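Across the two complexes that follow, subunit A remains constant while its partner is subunit B and subsequently subunit C.
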Partner chain A sequence: MSDPVKTSLLTLDARTKKRNAAETRFRMYGLAAIGAGLAMLVLLLVTIFGNGLGAFQQTFVTLNVPLLESKLDKKGERDLAKIKKVSTFGYAQLLSQAMEDALAENGIDSDLKAKKQAALLSKSAAADLRNFVISNTDKIGETVEFTFLANSRVDGYLKNRVTRESIADDKSINAEQLDLVDELVAAGVIKKRFNISFITGADASDQRPEAAGMGVAMMGSFFMMLVVLALALPIGVAASIYLEEFAPKNWITDIIEVNISNLAAVPSIVFGILGLAVFINYMHLPQSAPLVGGLVLTLMTLPTIIISTRASLKSVPPSIRDAALGVGASKMQSVFHHVLPLAAPGILTGTIIGLAQALGETAPLLLIGMIGFIASNAPDSVASGLLDPNSAMPAQIYEWAKRADPAFYERAWGGIIILLAFLITMNTIAVLLRRRFERRW
Partner chain B sequence: MKENAMDNIKISAKNVQVYYADNHAIKDVNVEIEDKTVTAFIGPSGCGKSTFLRCLNRMNDTIDICRVEGDILIEGEDIYDRRVDPVQLRAKVGMVFQKPNPFPKSIYDNVAYGPRIHGLARGKADLDEIVEKSLRSAAIWDEVKDRLDAPGTGLSGGQQQRLCIARAVATAPEVLLMDEPCSALDPIATAQVEELIDELRQNFAVVIVTHSMQQAARVSQKTAFFHLGNLVEYGETNQIFTKPSDPRTESYITGRIG
Partner chain C sequence: MSAFWLTITVLILSAFGAYAGRAQSLRVAGGDARKLHSLPKYYSSFVALGVLIPCLFVLVIWLFAQPKLIERGAEQMLNASSEPSLVMSDVRRVADGLGVAVAQGALSETEAHAPIENLRDVLGGVGVALGNEVTPDVLSAAQGMRAQEQRGNQFRMFAVLGLAALTLVFGLSRITPEFRARNAVERVVLALLITAASLAILTTVGIVLSMIFETRNFFGLHSWKDFFFGVKWAPNFRGDSELSILPLLWGTIYISLIALLVSVPIGLFAAIYLSEYAGPKTRGVAKPLLEILAGIPTIVYGLFALLTIGPLLLNTFGSGGLLGVEWMSGATAVLTAGLVMGIMLIPFVSSLSDDIINAVPQAMRDGSLGLGATKSETIRQVVIPAALPGIVGAILLAASRAIGETMIVVLGAGAIAKFSANPLDAMTTITTRIVSQLTGDGDFASPETLVAFALGLTLFVLTLGLNIIALYIVRKYREQYE
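Now for the complex of A and B:
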């Protein structure tokens, strides 16, 4: 041993310097990792909202439509059966008339043919008007102010998605029509405003992206979640309580435990094909039905719920079980009176997270056909219950994303915003419930 | 002071063996525990005193790998008989644990829980009376009577332990088992609980496991010394601490093994 070198606390020795440098480097890595994560999140949100917010706004055309008795009800009998015989072609003429009136009223000259002028309206305009007349026959003969959806090209033009350059190869709109749009916008006939029917409405065909909405798919998702909640929660909680509190610890329960953990990692599409094989092909449950979708998602959610429930049961201190048994409670009394209430916040959180996962799941739904095209909303819609064909929010988003018209692309992003809103709401509820229950003592 | 009558025997253990899987934790223990007496189990850590205590109300049943052989009779009835329901047994043999473990419920509900599940009260007034009596006999009534709705977990450690004693007393047990009831308490709380144990002796057979020899000497009339799973010596507390007959007991109480 050499003589100890006299060291000062005021100067750092080489080892300390090295250690401090390593610590500083590690902090930097950590900060960089978090920074990268946050940057991704911001990028994601900016992209989603940048692309999707437009879907909540829609361009509308307000016209005064003369509901001519001579066209709609020649004999003036107001006989619904006869009124219904007038097809959308008959109404299209009224629309052209209304458009011409609007141009004249605002002093706009246009060389366009009436048909081209009316093409600024959505292809659903005539049908919308017809539906209105059929349910309001007393209005026949009057002139009614009516707000129609604008064609998706017009909508795109107002949202800068469609430009004068981009329509060069577009047969559905031309530059003169855009000139007319400019003039109508100046006159206040064409306006862009919030569109509630994107949230509540039904899907629409390829030709009418402006009319498509999430409403029906939302109902489909809602029905599926009901099924998942009604099945996965009781089954999952009962299974976990049995496994955690009552089951003997032997190789059979070990195998069950390993398998539950493995099931949680099984790709969701496997559950989809299982659902297709078992629920539809073997049990002959209807295709595209929320019941089947719910069953498949239940299978998928069960492992999540079981794992989180077991974890929260495990986290209840054993002293509470001892205390209950010590005063002569039975096993079941100790579980239901003492352990379960303490584990409840964890179970709730796990369940809601599981539900949120199920809500966003797409792949298994594609396999069991939960991408029904439902063009009308309840109560007329075929999609009104657990056994009727329906779609689901993520499946609807996927469906829109693969359609050709860029207007649907915008709606897919908008749909993602709605889906995210649901997920954030569910997670918030999970957090609030947990806080509420934990604060009790 | 001590009536030396055979019918004063509350618990009688004969040739008790306990195994944890392959580990022989209790080796052929024979002991007779008297009623209205405090019996202390002492011994170094891991000597099996807590294990033996937990046999007396079959708390070891909850441990899968634990196996008990031999007979444990309470007033002549074998508690390991197939006809005995451990739940019913535990109402008769109350237990207080090492760490105070009140339920995360109100003070009132903590005490009322046992009587409720055993149907001991015939109404609200009856239950109120049981709760008050139990809290009084645990010497905590005056401290909590104004806040029976407050959470039991909000009390101090010593109060919590006395609440747990009240909870155990509330089911009107005949035997009270205490597994190191003071090891998590400060000296003042310990003194209170010890005083309480002495009072509880009026009504119950009390069996207490303790690490503290002073405590055993203070509260108990009988002492059993366990070592490596054997019951080495059992007798009057005075005699064990002054004239131990076994050299191992002497080594332990003089601090040479532990």
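Now for the complex of A and C:
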């Protein structure tokens, strides 16, 4: 018989140590997993804000432009039709002149040709100037101070996106021009400041990243959300009331229930195919219209709203219904007068969350054509807001991400910040509503 | 009268009905509401709904049916040409253009019905551009269409307004003190609720039907054998495209697999930690933070893949990168999309698993701990095996999400369809191809476009199957412990 192994409660044996080590390791795995998840979140947010905040700043060039009568209105008649005949070429000369004046004024010497100097301005500068003159013909002959957008390369140079190394093969800007930019920055002619037109403005062609803005796409999203709200909320609530309060337990309601939970998991792109086939090809609704986008998103959001509405109807205790029925209300009255008002905060919360989901959805919008064009004009009425081609915030971001010029990437990240700001606001409202009105029975 | 004004008129009539119904009910009761069966407001809503619902129903049906009928008539009138759809779109355009011209005063109503010489210029002048010269056939068909439309609109107005008047009079005549208005109104409301509930079914039917029809068209143009069993995806415009789903399916599954390899361990361990170890405070902070990841739109993840993770991987594995290897040639790759999709799925897996682990009865844990097992041994040998079916269900749900995900792969995965085992290669997926086939300029009746519907149907069936299995497993599992 061998000696019994001497053990002590105070010293751990090897096996216990091993087991305890395994315990600690396991715990660490868990912590590491959470750490990894949170690290991803931080990485994502840092990337978004690091890349996107720049879009809210833009470089501007301030010039005194002489609106020469000899160029714009030779006879001095101030005849709008004749003034309109002067094309942007004519204005480009004025811009070169203004640029030269600015250089002379600040005592900057530059061997660059006038054309190269004017290339520091955005390609839309001449058109902007022309629009100003057409709407203010009385200013012709005066010298007017103007703030133009700088070319996106200049903007990128001030934001450190464009460097002297990176422009080696770039045809649209060269090192001498950057020297000139440095001097103009020192002279205060070129300045970087907050750019409101990124938030309010329209998309621009792929030659002018500096002029592109989110505003019109925001209107598109707004009208889509209007459609979703007007359709998904009443239909979703009505469907939930029926299923939760009135439906008899039989195979038909079973099918509807299974159907709704499965619809919630159908890939969003499938709803896009449905929208294309039914709304556009069959019903001939206009392509790219927020109305169609709204209809598609309504179908997508319905299951979310139905599921959350049913949950909040279910949380109203039966005693409320019984009390209403007991004092002589009909079933319908007990639901509409008592249950529904008590469930309203929950329904509202679910609706806002559903809307937030719909706001960020992109894939179905690609299929119904809300990309690939430049939505340049803000809609001027509700009908045109619903029926005229427009983009939506996520579709606009996708559009920018697909363009070749890296200057658009900054816009795309900036667009994401705007989109996230909306989503965070909506979700915060939903959470606050829940906190404020949540009732435990 | 346009449909808009017709709707407004119907609304006004129904509002009048509401007012008249109330007045009538009080009149028949001799001013004493207690003599009525229902409250006066029910009589009022009875009349209002009685006007509103049938009129709007007729109006909507008319709006859909009339263009279809007229177009069919015009098609028969033309009936000769080889490309009916093209000619019909011309006819529709000319007819619409004539309407615009009359509205802007470029043509008078009588001129619009007579033969017009310089039609293109006239319509061009009001902003309707016509492609080719308009043949007399097309013009007369368009004019016929317009005449019919005008006649139809007149009929519509008479029909709807007549119906409104009829229902208004009928509704008012029904009102007596004994009439059970509340019951009638509640029956109507119930019918509306049922209609709303069946819309979910209608959506599903719409999805399935729209895809089945176009898929049938596709299989009429392209052999189904090539679609399901071919090995190459090579659409072109010469008409001998090879459109096989297998390479796309491979890309889809590969990317989903990588996404699951990222999200399942992280999500599962996070769920275990949150439900078994973490105190209420940690849980209250970490869980909502993780769930932010689920609320971020997929376009953001797509951009993150394209502009951040892709270049990061390229700098590591590409030529001149950190490792000094040349395994990767572009930023878009299976790994790029897979990693980012994995990040997206972490909260999905973790919150589903969290629910499931929490559903394991405490008694099982207590039993194991009481026998001397450590906490991790309890989790590994008791809790996880008990929760396994539910966790499998959660993973299947995550897989169905991954398969149907679009924006991440559109931006991050590339566009080359091929069978390759290298995760640093660009590959393409079913959803990517759906987007590119349907957003291109292709003719809508060509197999290259229609294939998108076959792909969509496959995707729908695939995700639906996964979901049904997953939901079944999860439900079965829940029942076990309830």
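Convention: the second predicted complex is superposed on the first by the 390 of 441 C-alpha atoms of A that agree within 3 Å, B and C clash if a C-alpha of one lies under 4 Å from a C-alpha of the other, contacts with A are read in each partner's own complex, and residues count from 1 in each chain.
The working rule: contacts are C-beta pairs under 8 Å (C-beta built on N, C-alpha and C of every residue); 3 or more make two chains touch, one makes a residue touch a chain.
Since the structure is predicted, the reported quantities are computational estimates derived from the model, not experimental observations.
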| item | value |
| --- | --- |
| First, second, both or neither for A:Ala401, with subunit B first and subunit C second | second |
| First, second, both or neither for A:Leu80, with subunit B first and subunit C second | neither |
| First (subunit B), second (subunit C), both or neither touched by A:Ala186 | neither |
| Chain touching more of subunit A, residue-wise (subunit B, subunit C) | C |
| Partner chain(s) touched by A:Asp322 [first = subunit B, second = subunit C, both, neither] | first |
| First (subunit B), second (subunit C), both or neither touched by A:Leu243 | second |
| First (subunit B), second (subunit C), both or neither touched by A:Ser330 | both |
| Contacts of A:Leu342 with subunit B and subunit C, given as first, second, both or neither | first |
| Intersection of subunit A interface sets (partners subunit B, subunit C) | 330 |
| Residue numbers on subunit A that touch subunit B, as the complex places them | 248-249, 317, 319-330, 333, 337-338, 342, 440-441 |
| In the complex with subunit A, residue positions of subunit B that touch it | 57, 59, 62, 64, 87-92, 94-97, 99, 101-105, 113-114, 117-118, 151, 153-154, 164, 167-168, 170-171 |
| Subunit C-facing residues of subunit A, complex | 19-20, 22-23, 25-27, 29-34, 36-38, 40-41, 44, 47-48, 51, 234-236, 238-239, 241-243, 246-247, 255-256, 259-263, 265-271, 273-274, 276-278, 281-284, 299, 302-303, 306, 330-332, 356, 359-363, 366-367, 369, 371-372, 394, 397-398, 401, 409, 412-413, 416, 419-420, 423, 427 |
| For the subunit C and subunit A complex, residues of the former touching the latter | 64, 67, 182, 186, 189-190, 192-201, 203-204, 206-207, 210-211, 213-214, 265-270, 272-274, 276-277, 286, 289-290, 292-293, 295-300, 302-304, 306-308, 343, 346-347, 350, 374-377, 379-380, 397, 400-401, 403-407, 410-411, 431, 434-435, 438-439, 444, 452-453, 456, 459-460, 463-464, 467-468, 471 |
